[in-house]
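Okay, so subunit A shows up in both of these, paired with subunit B first and subunit C after.
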Partner chain A sequence: MKYIEYLLKRLIYSVVVLFGLSVIIFIISRVIPGDPARMALGPHATREQVEALRQSMGLHLSLIEQYIMYITNLFRGDFGMSLVSRRNVLVDLKLYFPATLELIIYTIIWVVIIGVPMGVVSAAKKDSKVDNFFKTLSFSAVVAPAFIIGLAFQLIFGYALNIMPITGRLSSALSASPRITGMLSFDALIQGDFQVFFNSLRHLLLPSLALSMPGIGQVSRITRASMLEVGTKDYISVMHSYGVPDGIINFIYMLKPAFIPSLNIIGMTFASLLGNAFLIEQVFSWPGVARYGINALLKVDVNALMGVVLLIGAVFLATNFIIDLLMGLLDPRVRLSEED
Partner chain B sequence: MSRKSTLMLTFVFILSIIIFSAGFVSAQRNIVSMSMNQDIDTIDPSKTTDWTEAMAILNIYDSLVIPNPDGTMAPLVARDWDYSEDGLNYTFYLNEGIKFHDGRELTAEDVVFSFERMLDLGQGYSWLWSDVVESVQAADQYTVEIRMQEPYAPFISTLPWLAILNKELLLENEVDGDSGQEWLLENDAGSGPYKFKSWDRGTELVFERFEDYFRGWPENPVDEVRARIIYPDSTVLSEMRTGNLTIGDHYREIETYNRLDALDGVNIETAQTGEIFYLKMNTQKAPVDDIHVRRALSWAFDYETFNEFISPGTEQAQGPVPQVIPGHNPDVFQYEFDLDKAREELAKSDYEPGEISIDFVYVEGMERQRRLGLMFKQDLEEIGIELNISSETWGRITDLASSVESTPHITNIYSAANYPDPDNYLFSAYHSSAAGTWMSMEWLQDEEIDELILKARRTMDREEREAIYHEIQDKLVDQAPSIYVYSLLKRYALQDYLEGFEFVPVMSFEYDFYKMSIAD
Partner chain C sequence: MSFLKNERIKENWYRFSQNKTSVIGLIIVLTIIILAIFAPYLTPYPGHRGAQTDFRNTFQSPSRSHIFGTDDVGRDVFTRVIFGFRFSLLLSAIVLIIGVPIGTILGLTAGYFGGRIEMVILRFTDMMLSIPPLVMALSISAVLTPNLRNMMIALGAIWWTWYTRLVRSIVVSIRNENFIKSLKLMGIGHLHIMFKEILPNCISEILVKVTLDIAFIIQLGAGLSFLGLGAQPPTPALGTMISQGTFHLPTDWWMTVFPALAILLLVFGFNWLGDGLKDMLDVEL
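Coming up: the complex of A and B.
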């Protein structure tokens, strides 16, 4: 089977998975306790008002009819009205998704530039003091929940030192650059607005760092393990005997094959953070999509909930797909084994 | 250390200095920022429900009247009003020369439009008027006449919830006959002391001072308000300490206020509020359909221990109407913790000790309510009543409340003050026609109480009406449909340079920034 065919097959699977996800979430969101219309209108609304809203949302129809209605609207780009924000869910997603995406991009940057070198150094200096130190650090980072680290950062940098902003994406005195991507720091950079750029970086630093801790821990441990495994290979011994400098061997010849398992972890981290960044978003008042999703769940905002889950599902699948692509590029065996 | 890594370190160092300094923006004192524990979902006055939204509307819009700290109503847009003896016709005389934020003048037409929009959309606080207001008309440019379907004496005290919208502005921005709903998602159409500046959903709402406000401005007013959504108490603490926050809101843990109080330059204000916490008993379901069982339960609740140790800083409520509400009966009977009296009542009931088992439901995630349940269970065991504690999500509880059969024996319910009138507490909880919501989980269905509540609504004379309310409160406490656990004390953390903060017993109307100023 050709590699291309393999990828195509994955793509088709993705669509099937997304369809299945939509059915499951649709059913779950409709059986959550609480009448969405009553929740939206409050306890004092009259029965007629509630009934009118139920009618206009189609809640009086059967589940199957409701689902078909939802999917048909979805194909027209209509995600339905959010009961909480009283606007189309798509408008909300466009607003909240970039905020989370931006946070995660910086998180992944931290994971790569801190976690990977930590692993490489640990492997190179196996069982040394540095290795043990990094080991302790990684394990603590993995076990401590990110929001605890976030709160600790707030107490240190906000309460005690008062040098970093601890809520929001931008100081109130500044206004964001005109929207292009919705990610403030990138928008500011593209349009050369450096004050906004640096201010948004300041706001991003603590939450993204807190969020990256578990990822850093995992990636450094996995990089270390696979570096050690690669280090026993004959071609590495050959390079050592040729006198190639250790740094070049470690970071170029060993890291490339050793990076593959880490890449997997990074990919999964990226996708799962979309939904799991909730507590960090809560702690840092970050207007992200995870927080929006949880609020939708609590307020039985069915359309918003559907929108968020479908979005996260789609990103999950897309990330998996991209990782498959990257794996093929990094490791020819992945490509070739599929071509038997 | 190699040259390369030294270079690298220097680079990182310089970069971090740039990041730390370049984006730094310092706080200004005439800009006030407050924390909120909850999102703002809408700033459309016809749709608001939560306290955060009420705060925004109060500052951006004007209403006909505005509540005083004692719960009575003061003139605002209406300089005066009168009503017919039968309570069916109201006439409001408006102040002249009130300007909307776009410079147009506020007239009777705008008041009529605002009323009609509220009732047409049927959301937010429209329930206050949908069953009582017949028609609203402009008699002339500065006179509004309102005709009622039936006499409704608390009418004036509901009017702070009617924000007056700029009719022409909204009609100009109408899309497909939506009366400006789309436009109001991101704009304001008010005449209030502050105008909408920006709204970063999920983070903060900013509004700035409206220079031409019709009541004028005192010295050192608050120029800009930033209402920031902050969830963790620790963040409020940090931001209050650094001065980035001027007001810490009232929904924090008592420990947080104690720590805030210890900070330099931060004061804690405390106010008795009109918000009540109840244990609502389903009076249609055995065994709590038996009045003696309900009285026994009222005697068996340890109010003191609860308000001292489990919920420090709250006070036992005296009957169904809070002390701060005009019309509260100061002589109403108050149950206290007395297991002997509880046993006596139980002996009068149709049940023997040991054969009563009662379901107790609290709201999922509410630690205080869970601990309340555990305390109550222990005390009840001594008089031979078994309490089965379980939790349900808030959504589920609203479902359970919809029928007598599914409403549990006891449910933990917390209720806010929508309008400072006993009617607010009595009608929606105890009148038969209001049954089926979480406010009325007692299912009282008592003809005499129904009649009295309606009679009070029809009585326009203030004193006469209060006498009826006193009677209702006595009767309710005697029937013991609910255990009145506490009325909430609200606490606020304020920087000491902020002056003029004053508690008002309606929702979140104490966050009235027009009244506040900055000390020199």
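Coming up: the complex of A and C.
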């Protein structure tokens, strides 16, 4: 099977899952008790107004017709009106998503640049003190809930040592650079505003580190295990006997095959990462899409909630598609195997 | 026979106790279970589990009469933490009682029959798995009003997926074994083969997964309560207590720190125990 064919297969699969997700979300939104039109208009609207809105929302149609209407509206960019902000939910999502995306990007950076080397060193120095320390550390990182780690960071670095900002994205004295991506640190960097850049980095550090802890633990565990496995291969012994430096063997020749399972794990833990983002955003008052979702939830803002869940599902599928793509590039066995 | 049985128990215990942390995990878990069961008799102020208030004793820092301090309405935090154990364990128990049988039956069915049935069940499972569990639980608890019972339903409704995958993968690995084939040839009913012959092969894996999942569910439940979507005050759920405590940081830190430590104790205890069982039963998850 060719690479393109493999990618197409994965893409179709993602689209099918996304479609299924939209059905589930739609069903959930329709079993919510209460009349959506009445809720949108509030208690003071007249019966005629409610009836008119019911007509325009299509609530008199059959469920299947309603679903088709919902999907076609989604494709037109109409996610429905948020009951709280009174705007198209898509506008809200565009406003809040960059903050979440920024958090996730830094989280993944930490996972890769901390988790992978930890695993490599652990495997190279198997059963040493360093290995045992890293093993304990990664176990704790996986087991401890991320939001409690976040709270601990806040208490230690924010309140006790007072060296780190506790909440928000930027100090109130500064104003963000003009919006390009909506991600403050990148916007500031592009426009050369280094004061804002470093300030936003400082704000990002604690939440993104807390969010990355479970990932770091998982990745270092898997990297260690697969490094140990690769280490028993003949070609590695040959390299050792030729006197190739350990560092080069470890980080170049062994890491490439050993990195593939880690990549897979990053994809698999991404769901829990997105879930944890809800908690971390709450702990650090991070104005992202997850916090928006929580507020929507508490106020029974159905359209906003559906938008958030759909967006999170789409992000998850997109990430896994990118990971499949990378895996295919790195490992010919993945793209050449018959089964999916 | 009883001699042999004793020997087996001894051997299993030996393998389990090889790792110190497994034994610590077991001790933590047993202690917590006892504390949770006998909470009304072991806590100094059992009345403080609910809405009772004592406004003369608000925000007391930890002392001999209140070892974990008191909260914003004067309730003893230690008492509430012990009752919090109760709610955490209850939550895990109910979620697993809902989720494990559903997941196991679906996994058995998918693995045993194969073909189209397997494909439909697996695709549906994948779809459910593509939604982060917390998000799914959020949406479900949004439909139903947020409280402890609905949180249990929400988590139970998504929890089966992991067991479907686990059980199915084991069934697939043994479904073409000769003993299954000969049973089929003998004309033994499908249900008998599935539940009496195949299921016992999955028990060790399920047991280990259940132990580790208890920790995971406690963590998720605490997260949901922290977000205000699980148990509502004055229920002494650990997550709820933490979220109320954060309003009083950093001066009244004990309101946040002790419930947080209690959650850590729970999740570490069950994970250590689960890892020990994993070594003992020689299970790979």
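Going forward, the second predicted complex is superposed on the first by the 294 of 340 C-alpha atoms of A that agree within 3 Å, B and C clash if a C-alpha of one lies under 4 Å from a C-alpha of the other, contacts with A are read in each partner's own complex, and residues count from 1 in each chain.
Going forward, a residue touches a chain if its C-beta (ideal position, glycine included) is under 8 Å from a C-beta of that chain, and two chains touch if they have at least 3 such contacts.
A quick note: this is a predicted structure, and the numbers were derived from the prediction, not measured.
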Margin query: Contact-wise, after the overlay, does A:F278 reach subunit B, subunit C, both or neither (first, second, both, neither)?
Written below: second
Check: Touching A:Y159, do we find subunit B (first), subunit C (second), both, or neither?
Finding: both
Check: Which partner does A:R86 reach: the first (subunit B), the second (subunit C), both, or neither?
Finding: first
Check: Counting only touches as set out at the top, which of subunit B and subunit C does A:P178 meet: first, second, both, neither?
Finding: neither
Note to self: Just to be sure I read the superposition right, which of the two partners does A:L151 touch: subunit B = first, subunit C = second, or both, or neither?
What the structure shows: both
Next item on the list: Return first, second, both or neither, reflecting whether A:G58 touches subunit B, subunit C, both chains, or no partner chain.
Entry: neither
Margin query: On the A-aligned overlay, A:V300 touches which partner chain: subunit B = first, subunit C = second, or both, or neither?
Written below: both
Next item on the list: On the superposed three-chain arrangement, identify whether subunit B or subunit C touches more subunit A residues.
Entry: B
Check: Which partner does A:R169 contact after superposing on A: first (subunit B), second (subunit C), both, neither?
Finding: first
Note to self: With both complexes superposed on chain A, which partner does A:I24 reach: first (subunit B), second (subunit C), both or neither?
What the structure shows: second
Next item on the list: Pick out the shared contact residues on subunit A: the ones touching subunit B in one complex and subunit C in the other.
Entry: 32, 151, 154-155, 159, 282-283, 298, 300
Notebook entry, point to check: What residues on subunit A touch subunit C, complex-wise?
Noted result: 16-17, 20-21, 24-25, 28, 31-32, 139-140, 143-145, 147-148, 151-152, 154-155, 159-160, 271-272, 274-276, 278-279, 282-283, 293-294, 297-298, 300, 305, 308-309, 312-313, 316-317
Item checked: Touching residues on subunit C, where the partner in the complex is subunit A -> 123-124, 126-127, 129-135, 138-143, 215, 219-220, 222-223, 226-229, 242, 246, 249-250, 253, 256-257, 260, 263-264, 267-268, 271
Next item on the list: In the complex, go through subunit B and note every residue touching subunit A.
Entry: 18-20, 22-25, 31, 33, 39, 41-42, 44, 47, 49, 122-123, 125-128, 130-131, 181, 185, 198, 200-204, 206, 226, 228-232, 234-235, 237-239, 241-242, 392-396, 398-399, 402, 418, 428, 436-439
Item checked: Contact set on subunit A toward subunit B in their complex -> 32-35, 38-39, 41-47, 49, 52, 84-87, 92, 95-96, 99, 151, 154-155, 158-159, 162-164, 166-175, 194-195, 197-203, 205, 282-283, 285-288, 291-292, 295, 298, 300
